[in-house]
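First chain A sits with chain B, and in the next complex the same chain sits with chain C.
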Partner chain A sequence: MKPVVIVGAGPAGISAARTLLDYGIRACLVDEGLRGGGQIYRRQPEGFQRTAQQLYGFEAGKAQAVHRTLDELAPLIDYRPRTLVWNAEDQRLDLLTDNRADSVEYSRLIVATGATDRILPVPGWTLPGVYSLGAAQIALKYQGCAIGERVALCGSGPLLYLVAYQYAKAGATVVAVLDSAPFSAQCRALPALLGQPATLAKGMYYRAWLTAHGVPVHQGATLAQIDGVQRVSGIRWGAHTLACDAVAFAHALRSETQLADLLGCAFAWNPLNRAWLPTRDSAGRSSVNGVYLAGDGAAIMGADAAQMAGERAALALLEDAGVATDRHRPAVLEQQLARIQRFRLGLETAFPFPEKWAAQAPDNLTVCRCEEVSAGDIRAVVDDGHWEINRVKAHCRVGMGRCQGRLCGLAAAEIVAERSGRSVEDVGRLRGQAPIKPLPFGVQVQP
Partner chain B sequence: MSDVIVLGGGIVGASAALMLAQKGQRVTLVERDFCGSHSSGVNYGGVRRQGRPLHQLPLSQRAHQLWGELPGLIGIDGEYVRCGHLKLARSAADFAALHAYAERTREFDLGLQLLDRAELRARFPWVGDVAVGASLCPEDGHANPRLVSPAFARAAQCHGAVVHEQAEVVRIKHDGRVFQVHCANGLHLHAPWLLNCAGAWAGSVAAQFGEPVPITSAHPAMLVTEPLPVVMDVSTGVEGGGIYARQVARGNCILGGGRGFALGPRQARPGQAAVLEILRNAAELYPFLQGAQAIRTWSGTEGYLPDHEPVIGPSSTTPGLLHGFGFAGAGFQLGPAVGEALAEIVCSGASRQPIEAFSIRRFQA
Partner chain C sequence: MGLFKRLAETARPVVAFTLDGQPASALLGDTLLTAVLTCSEHLRGSDFSAERRAGFCLMGACQDCWVRLEDGRRVRACSTLLEEGQAIRRDPGRTA
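Right, the complex of A and B next:
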């Protein structure tokens, strides 16, 4: 019989695999990473000695629990780390493991592909020494190294303060935290944020800790430029300049949706995420029969929600497969998810999208670094009468390079929308094309 | 009221609209999606005469002239380069076939040069050992379809053609004199001439006028690499079929080979089988690709008739109706000349190039 396949071994995928196993289903769990855990609970390489407390701070308990779950599951299920899903076709996923191409057929599929940083480029962002916030965190969590000695952290969103805290705690000098969201926005968001007091408390703790330890935090401060010749030498905002040797920046996260797209899932505009996302019901069923969505890959809601959504999707899958499941659990999970969703609304108020970004992006700003396409190049295509994002891509190559728009696509859409006087929704979304990530020539094919 | 309605904004329809507008006709071009967003905008970009059947060569030679005047025609160079097209032979028999082709096409002056193994190695050292010989057509080349095809529609517009995008033709009536064309978006048009340039979708228009054709759709698989050091100084193909490849100035190599599948009536994907075939086998022909990475794949929807020849020319049933469709994966190069031929029929009753071989009558038993 064809297996149930789960793509993504982060909190959502692991909890889905656990739930399925509880009902006797040994799923095939596929993940690109060397070791499971996902981005938030990313594990250090074998042989590294840092404690969970050092690595994950407040989240140490949760991280250890997720790792333990995966370690217990791994021998009992078909766990495939180091395996990229590069295409989906005909009830089958195409895989790449260590230069070997293979495929796996599925009876049902849970897509838990997670998220990456949402990048809004600024002049200088392609200099060596500039990272996304997530990448800066990976360097620390995984390799145990900082991106620089004097680090500036910019953008907005909860990750900004967390990374600042982690860097400062690890001994790096954080020369400044620039949050484009004003303090007033965070005050406005308080009522909604109070719905998840523990999460709110952690956020406030990081903020207070930074101030107490002399890390300068500037709110309502928008990074205007990153200076440097061979590599980063400083940043500018407003009338300020500041020397530093590394910068990490991002404006919250974006969902990794290419697989859902290749699977043919219907997408809808999601105003909260300011993105086109695959549609799902409250249990996680996508528009495609037998395909379920969970975690940040479906919409940004964080690790706790991902874990619940993974379990909820697995229960839906079981139910659809005719397996008798716990009748009360779904409602409990859905209630908890709804609560986190309200918190998410609060976060969006606290860290609002910088609406003026597109209008302010200078013409010579590189938006798509794979294909070296500037804001001005995109505007020229719009001025020529194009506004649909795939047509804009066809005309100026934005989003055509090796990241296939995963990095630049949203920024490009903002510029097209601003220039054409349309909404970002109207501009549409970049069509997914295989391979999800690059494939090598000379690949070995399993017979 | 227009003189001519052109149905379909691919390179064929857009060229026809451009040539007609240049000749002073009032033209309206209607395109269901965006001009040049189907076959014409997503094809491999090969602009070659070499390898075409003999009766296509007059049209292809004329197209070759038009491609030579591209910037004057459409206002951009479209990354068109006449770098040559090299057709590789993998066996003595294939090489003999290349010789025979050169012999048969001598009167057309394609300037074909046959290279034996040693000559091939000396001139194109990056070609893999599996090639035992090759035929070079020095004046063939390649271009960027994403830029060229929409630019034909833009140029038509600049010359006065009215272009409607996102206007799908859903109903056509003919009262013996005038065509009435209705689009899904409410647009109504009429004209005494109607040009059916609807690509893979043209069969339903023909059928509606009592001349059905056995057209099918197919989907060539395409793939592009990350930018690589520039080594390929010609566009390539393989005798008897196989993986074809070209390299653009930016360094990306574009490869084609095998077939994909339809995702729906308008969208197609290359499919994993074709992609893996290319990734496994391309390095044999082009060893420098070993270890390079493919970053994107795509396909398109192309119309094929059983004899792999297009339908070009007047309808056999309806005065004022002209067809130009079904190019079997090779219409990008021909497009401008086909557009011109259709325009000539409208303006002077006949095309200057011989097109009888492509008449729709061949399907009427």
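Right, the complex of A and C next:
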């Protein structure tokens, strides 16, 4: 019999695998990471000494529980780390493990592909020394390194303050935190954020800690330029300049949806995420029979929600497969998810999307770092009468490079929308293509 | 001088490798990206202007950290752990 396959061993995928095993189903859990855990609960390599408390702070208990669950599951299920799913069609996934190609057929599939940083490029962002906020956190958590000697952290969203806190606490010099959101926005968001007081308290704690330890935090401050020749030498915002040798920036997160796209899942515009996302019912069923969606790969809701959504999707899968499950659990999970969703609305108020970004982007700004396509190149295509994002891509190659638009796709859509006078929604979404990540030459195919 | 600064986990065993033919060293458990960027300032040249790049996302999404190993394999530096004696070559990139 074909197995149930789960893609992604972060909080959502691990929790789905655990739930399935509770009902006797040994899933095949495929994950690109070396040791699982996903990004936020990413594990340091073997032999590193730091404690969970040092690595994950307030989330240490949750991270350890997720890791423990994976360690318990691994020998009991078909766990495949270091494995990229690069294509999906017709009840089959194409895989790549350590340069070996393989494929797996599935009876049902849970897609828990997670997220990456949402990037709005600024001049100078391709310089060595500039990273996403998530990258800055991985350098520290996974490798014990800071991205530089004097680090500026910019953009917006909860990760901004978390990374600043983690860096300063680990002994890095954080020369400035630039939050593009004004303080007034965070005040307006308070009522909604109070729905999750513990999470709110953590955010306020990081913020207060930074101030108490002399880390300069500038609000309503938009990073305008990163200076440097061969590597970063400083940043500019407003009338300010500041010397530094590393910058990390991002505006919240974006979902990894390529696999859902290749599977033929229906997509809909999601105003809260400001993105086209695969549709799902409250249990996580996609529009495609037997395909379920969970975690940040379906919509950005964070690790706690991902864990609940993974369990919920697994219960839906079991129910659809005719397995009798706990009848009360789904309602409990859905109520908790709804509460987190309300908090998420508050976060969007506290850290609003910088609507003016596209209009302010200079023509010579590199938007696509793979193909080196500038904002001006994109605008020229729009001025020729094109506005649908895949059409624009065909004309100027924005989003056509190795990253397949993961970094530039949303930014390009913003520029097209602004220039053409349309909504970002109308511009559409970049279609996913297999292989969803580059495959090396010389891949060994198993007979 | 390197781009990255080590803040913790510095008591790990030393691993020798070569970078563009020059001897270098890093620590066991380093990714190729960490190994290269703690002793130098870039990983590759870009495909259209040979501009220096040093990775960006560190999570396998941006594809801007590819380096070459002596067997000809191209690997993502952010998601490949360093092994003793590896010969890492940086692609100089191309100008359009």
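Observations on the structure shown:
Operating definition for what follows: the second predicted complex is superposed on the first by the 447 of 447 C-alpha atoms of A that agree within 3 Å, B and C clash if a C-alpha of one lies under 4 Å from a C-alpha of the other, contacts with A are read in each partner's own complex, and residues count from 1 in each chain.
Here is the rule we use: contacts are C-beta pairs under 8 Å (C-beta built on N, C-alpha and C of every residue); 3 or more make two chains touch, one makes a residue touch a chain.
Only a predicted model underlies this, so the values are computations on that prediction, with no experimental measurement involved.
Once chain A is used to superpose the two complexes, chain B occupies space next to chain C without a clash.
In the superposed model, A:P440 lies in contact with both chain B and chain C. Of the two partner chains, neither chain B nor chain C is touched by A:A321. Contact with neither chain B nor chain C is seen for A:A65 once the two complexes are overlaid on the shared chain. After overlaying the two complexes on the shared chain, residue contacts for A:M400 are found with chain B alone; chain C is out of touch. Looking at the shared chain after the overlay, A:S103 reaches chain B, while chain C stays out of its contact range.
Look at A:A139: by the touch rule set out above, it reaches chain C but stays clear of chain B. In the superposed pair of complexes, A:D117 makes contact with chain C only, with no contact to chain B. Partner contacting the larger number of chain A residues, of chain B and chain C: C.
By the touch criterion defined above, A:R231 reaches chain C but does not reach chain B. Geometry note, superposition on chain A: angle between chain B and chain C about the Cα centre of chain A is 80 degrees, to the nearest 10. Of the two partner chains, chain C is the only one that A:G129 touches; chain B does not reach it.
For the pair chain B and chain C, the minimum alpha-carbon spacing after aligning on chain A is 5 Å. Within chain A, the residues touching chain B in one complex and chain C in the other are 401-402, 438, 440, 442. Residues 3-12, 28-31, 34, 38, 41-42, 46-49, 51-64, 72-75, 78-79, 81, 96 of chain C touch chain A in their complex.
Residue ranges on chain A touching chain B, taken from their complex, read 87, 89, 94, 101, 103, 264, 384, 388, 391, 394-395, 400-402, 404, 433-435, 438-443, 445. Of all the residues in chain B, the ones that touch chain A in their complex are 34, 37, 41, 146-147, 150, 154, 225-226, 263, 269-272, 275-276, 279-280, 282-283, 289-298.
Interface residues of chain A facing chain C in the complex, by the touch rule stated above, are 32, 34, 39, 44-50, 54, 99, 116-117, 126-132, 134-135, 138-140, 142-149, 170-172, 230-231, 245-246, 256, 369-372, 401-403, 406-407, 437-438, 440, 442.
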